[in-house]
Amino acid sequence: MTELFDPLYAAGPVAAATDAAAWLRAMLDVEAALARAEARAGLIPAGAADAITEACDTLAVDPAAIGERAVASATPVVPLVAALRDRLPSEFHDHVHAGATSQDIVDSAMGLVAARALDALDATLGTVSQSLARLAREHRDTPQIGRTLLQHAAPTTFGRVAAGWLVGVDEARALLRHVRRERLAVQCGGAVGTLAAYGNRGTDLVALLADELGLAAPTIPWHTTRGRIGELAAALGVTAGALATVAGDVALLAASDIGEVAEGSPGGSSAMPHKRNPARAVLVTACATQVPGLVATVLAAAPQELQRAAGHWQAEWPVVGTLLRLVGSAATHADAMLAGLRVDAARMGRNLDAADIPPGGGTGSAGHLVDLALAAHEEAA
Amino acid sequence: MTELFDPLYAAGPVAAATDAAAWLRAMLDVEAALARAEARAGLIPAGAADAITEACDTLAVDPAAIGERAVASATPVVPLVAALRDRLPSEFHDHVHAGATSQDIVDSAMGLVAARALDALDATLGTVSQSLARLAREHRDTPQIGRTLLQHAAPTTFGRVAAGWLVGVDEARALLRHVRRERLAVQCGGAVGTLAAYGNRGTDLVALLADELGLAAPTIPWHTTRGRIGELAAALGVTAGALATVAGDVALLAASDIGEVAEGSPGGSSAMPHKRNPARAVLVTACATQVPGLVATVLAAAPQELQRAAGHWQAEWPVVGTLLRLVGSAATHADAMLAGLRVDAARMGRNLDAADIPPGGGTGSAGHLVDLALAAHEEAA
Amino acid sequence: MTELFDPLYAAGPVAAATDAAAWLRAMLDVEAALARAEARAGLIPAGAADAITEACDTLAVDPAAIGERAVASATPVVPLVAALRDRLPSEFHDHVHAGATSQDIVDSAMGLVAARALDALDATLGTVSQSLARLAREHRDTPQIGRTLLQHAAPTTFGRVAAGWLVGVDEARALLRHVRRERLAVQCGGAVGTLAAYGNRGTDLVALLADELGLAAPTIPWHTTRGRIGELAAALGVTAGALATVAGDVALLAASDIGEVAEGSPGGSSAMPHKRNPARAVLVTACATQVPGLVATVLAAAPQELQRAAGHWQAEWPVVGTLLRLVGSAATHADAMLAGLRVDAARMGRNLDAADIPPGGGTGSAGHLVDLALAAHEEAA
Amino acid sequence: MTELFDPLYAAGPVAAATDAAAWLRAMLDVEAALARAEARAGLIPAGAADAITEACDTLAVDPAAIGERAVASATPVVPLVAALRDRLPSEFHDHVHAGATSQDIVDSAMGLVAARALDALDATLGTVSQSLARLAREHRDTPQIGRTLLQHAAPTTFGRVAAGWLVGVDEARALLRHVRRERLAVQCGGAVGTLAAYGNRGTDLVALLADELGLAAPTIPWHTTRGRIGELAAALGVTAGALATVAGDVALLAASDIGEVAEGSPGGSSAMPHKRNPARAVLVTACATQVPGLVATVLAAAPQELQRAAGHWQAEWPVVGTLLRLVGSAATHADAMLAGLRVDAARMGRNLDAADIPPGGGTGSAGHLVDLALAAHEEAA
């Protein structure tokens, strides 16, 4: 259903960073980087690394064909390595994928795919965050009735509300950056994680591969130590929650009965042309709602048996991709939602005046809190 | 990442029954059926229904174009109805989608998509079930050591083990059939679920639409009464569990240390040509592991507010599709796993003989239990 | 944290039906029923069954002591059977728990606990359903603005809205009744599910035990065939969604900005005495929100290996209990929420008049739909 | 069911740190700290703070009574503050809970409860980690057949296997420590998060309260910015996965068919006295299996509306408590499992010799990887 629903659930640049071509590119990038790292470690000739890199850079493979052939071994690496060897003179065949296991390639490729997707996501979250900062700044002192349990409670300002959203998105973004930098790691361990094929150069090789790929080097191979993937999934889960909090509030504040904000290009209806639907807020929520269950899937798949898991590991690949796409899509819709958000300060004022609350309540430190959120935002940027 | 990973996670006929084309076909089938039902109810001219049906049958739409235009309204129905009207003479424009709301079309189409996917799944489960029945029958009296908490416990027979798998799959299949027949319903309520556009013909129209589409007729429109979708998701969740139970046992019994079964075409390894990997069992587990989190997503999206939800409803579409595909894929891999399963009765015998258990334990009613499971299987077929 | 938070998350009669005493009672009831069934099957003397039943009926065990001693074997049955034997003359020791395995007792007891809890839940849902039917009937023709995506859309009636809630709860209740009757089954299989200790009386014994306990008889023992538990969990998940839908709508309609309903005894606030918080709606949502993740846990635990699972089975016990309690609690709070619900028809009228929608829209078949929902409700009762 | 099942699912010191008394203690500690912080900020007299602290330190409240009275307002703070005021001379009544809202108290108390529970968990994980380090060190060079997809693959050492477990637990522990230090924060915002009651002393007050409680100070109040709770839940989820990985491997390696390890005090069986059940491994898995669904619940509850959520916030309290207890219990059982773990190096040798793998494979850098894991372990300690 991809083509039909992707604009809703896979909007924005993360989609391209996680599609079939991106995975194949990442796997080939890993094979090439492994060859170069092995050459640097003196394990294979430099010429072999050059030839393999050239082949990886230019190999055109049909994703569907690789996929079909992946079924027999439950991994796409077996047919991909075969295709790569076919492309090279036989003298280099043994230097392709030398000493590696399928999981070395797939896990490192998953790291690359995630890294590239997180970089794209970071950019989108950056514009979301800027929009929120702008709203907080512009409406620093715009009074609004605060609502707790949906009941009118006491005055706040819309800037204060936006500052809360801002801090949520900024903190999620910082968490994602931490995961990108520290937890996306190369995998390099060989058949059972002992680096058996590399003599006394194994652990050096891991560091070289990490250098080649711009990923972290793990303490030791992590074939069945899946905390890294759990942390990635969880950070995406926290980000989805931050975005959905904004979207939920926008949809509520845009409710006809409240009317304090409106999307710049509200959605139409097939039955009711007069409707002004908060379509982007709806899509943010629709994407984010799908995320927690997927995080649970990743965490539930973490107990992976012995030296390679028979099913739990293989469940991670599509779920990590979907998580990245959904959060990327939520961020993209949030960006569109906020870019054109119309704030009806007059209506806020009228709603506040009409609220049946005790008189005399002020907005306290709302403005100062906006300043603090903005200062933290500036510092993080 | 579809093309690359679909053979792993979307194997079998359910995939085609749930892709973009299938969704568009279902939505057009619903618009056509609605027009015919409205004609039968005297709400629009028969000629309009004929023209609309003809247009729906032949309209070629680009899924990506509909998807892109769906963003503005957060529903693909708005651009689809526009495309449909464009295709028809203006005299019929008002008869297209007459009185309906987007959710009427999407929910009914989701019912159709699910119905067609469940029919395909039922066929695959039928062959899985036959394989299991064959194993139970053939190995009714093949002794095997029973293992509890992975410890040798007492004798059983492999037929008894297979009978347990069989009952699990057969009961899941019966549950899916129940959902297919009773719970996949048309949606027909108009803008706020009052059938306001249909005068006193509204509730008749619902029944006629159900008749046209071969789906159940609900008591009343269920725009924000989502138990039906929860039951569908849950039945798929139970089915995934039944299949994963078999696959997990096959992988364990195929372990080198046990060696009592082997897949007919075990998988190779990129590093270890001697490996005999239980690749299909791995793929069943990889698919099934993704299911419970998605069921939770559907259930968590059930509280849908007032007359149409702002996000929770829209989260259902891709999740229901993914659930169907994953379970269809698990069934397809299970079918392949079982079709060629090799049972090593001699090894079972040796393992049993070597087990450090008290002497004299028999296999009790194992054979009779096999007979009971087979009898229930025959009755269900 | 039980005592403090139970009134919030374990309100109502289900709590007592699922506590430690209830589990111990159920396990003892199963041991007694097993003895009686074995006597009826001619497997043990009638006098032994009498003595065991008497001992089970009167044995006072300390839950904490049993729990502490359960750690060593990862099952409470081992110490419970020891306590039971201690209580009886040695001539009956071999007749206690004869031929059974721990899982026979725990699974059957889980069935009993669930059955008793579902009976209590059914009663609470009955009063919830009656309240909803009353609201639908009384407000059959009370006009209200319908809201889709929180935007004013077209007129409906509050009775129609309540009818939607009613159908959701009634259908969930029917699903629970089905599970209660058909899917809560005895477990009786012996060490590895072969009924090895019972000669040719094994399958008869299963039927007799089912008769003794008022639970269903399975086709064959289901130690690692867990679809039944998945169906129970799923039905509770669907019920939670139905209740949360009502609660979410009540909280929204009670929002100060809408003000169309109010709880009879709205909650106060520690900071704002003027607040009229929808406290019961909040608690329904708080309970129901915890449910989908637990359903996923049960489904994820379904793949249970070989003849008894090393962890997945043992994860079911507390989760099933918590699921029952949470849904029972949600129903109890929903009952309180609805019993005193104040409907402000005048405010509904003013909100409808103020809505910026096209003139002339009627409420269509809203009244007729109420009648249909009420008729289905009467039929189910 | 607490007393009966707590030894299984709430073993160890975390249970007492999260029970009803612990929550009440934490809430009273927060009220006392708030009073002292307010006195330091010049907002209330020092004498009032002293009196309030004294009252909080000595107030004996019945959890059940507070719980019952919490229903009306959906928060235990309303009755607790009432009880506290009752205890004090009327001159201090206005100084109790001055300017605070219920959520300030509950969120800060949740932070305290979590902090104390994490401190207890950290100690347990410390002994788990030490046991793993010991196993890695002692068996640095004990050869073992490596198994991928449960198939014999190539040689490794048991020390290398234990090193993988060790890194998983150590990294989870580091993550928990980060959350403990950086993300467990005080909540202090007043009714709608504007610190309205504190004049220009509001933000200073937040810092003082953080100082009093030993928790982090947030950028701004975070009533509906729930990333912190998501990060806490996720870190517990990652930890559960790390522990379950060890337990799953122990159960597998302890399988009769493999027999390479055994628990020091294996469990008995009600039916089979010869059984040597890996009871602690089973309990670790049983606890950990319940965790991912609860993490999803916390993440799904993150979108909290406007200034205080009507249900999602209230769902967090019991789930966070259960998460802490389950992971604490998993750690406690893992500790017992490992403390007495028997490693059968001779059997490992025989299994390796019997493996049908290509000759000549060595254990590569296994020993060096053990050294690296131990070095990282030492550094973290």
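Just so it is clear, A, B, C and D label the chains in written order, and each chain counts residues from 1 on its own.
Just so it is clear, contacts are C-beta pairs under 8 Å (C-beta built on N, C-alpha and C of every residue); 3 or more make two chains touch, one makes a residue touch a chain.
A quick note: this is a predicted structure, and the numbers were derived from the prediction, not measured.
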item: Same-interface partner of A-D, chosen from the options A-B, B-C or C-D, over half of the pairs matching; value: B-C
item: Chain whose Cα centroid lies at the greatest distance from that of subunit B; value: D
item: Whole-Å gap between the CA centroids of subunit B and subunit C; value: 26
item: Distance between the centres, which are taken as Cα means, of subunit B and subunit A, whole angstrom; value: 28
item: Rounded Å distance, subunit A centre to subunit C centre (Cα mean); value: 37
item: Per-residue multi-chain contacts in subunit D, two or more chains; value: 74, 101, 147-150, 153-154, 190-191, 244, 247-248, 251-252, 267, 269, 272, 277-278, 282, 285, 288-289, 292-293, 295-297, 300, 310
item: Footprint of subunit C on subunit D - complex, ascending; value: 1-9, 11, 18-20, 22-24, 62-64, 66-68, 70-78, 81, 97, 99-102, 105, 190-191, 244, 247-248, 251, 265, 267-272, 277-290, 292-297, 300-301, 310-312, 314-315, 317-319, 321-322, 333
item: Contacting residues of subunit A [partner subunit C, same complex]; value: 147-154, 251-252, 254-258, 267, 269, 272, 274-278, 282, 292-293, 296, 300, 351, 355-358
item: Residues on subunit A engaged by subunit D in the complex (per definition of touch); value: 74, 101, 146-150, 153-157, 160-161, 163-165, 167-168, 171-172, 175, 190-198, 200, 202-203, 218-227, 230-231, 234-235, 237-238, 240-242, 244-245, 247-249, 252-253, 285, 288-289, 291-293, 295-297, 299-300, 302-310, 361-366, 368-369, 372-373, 376
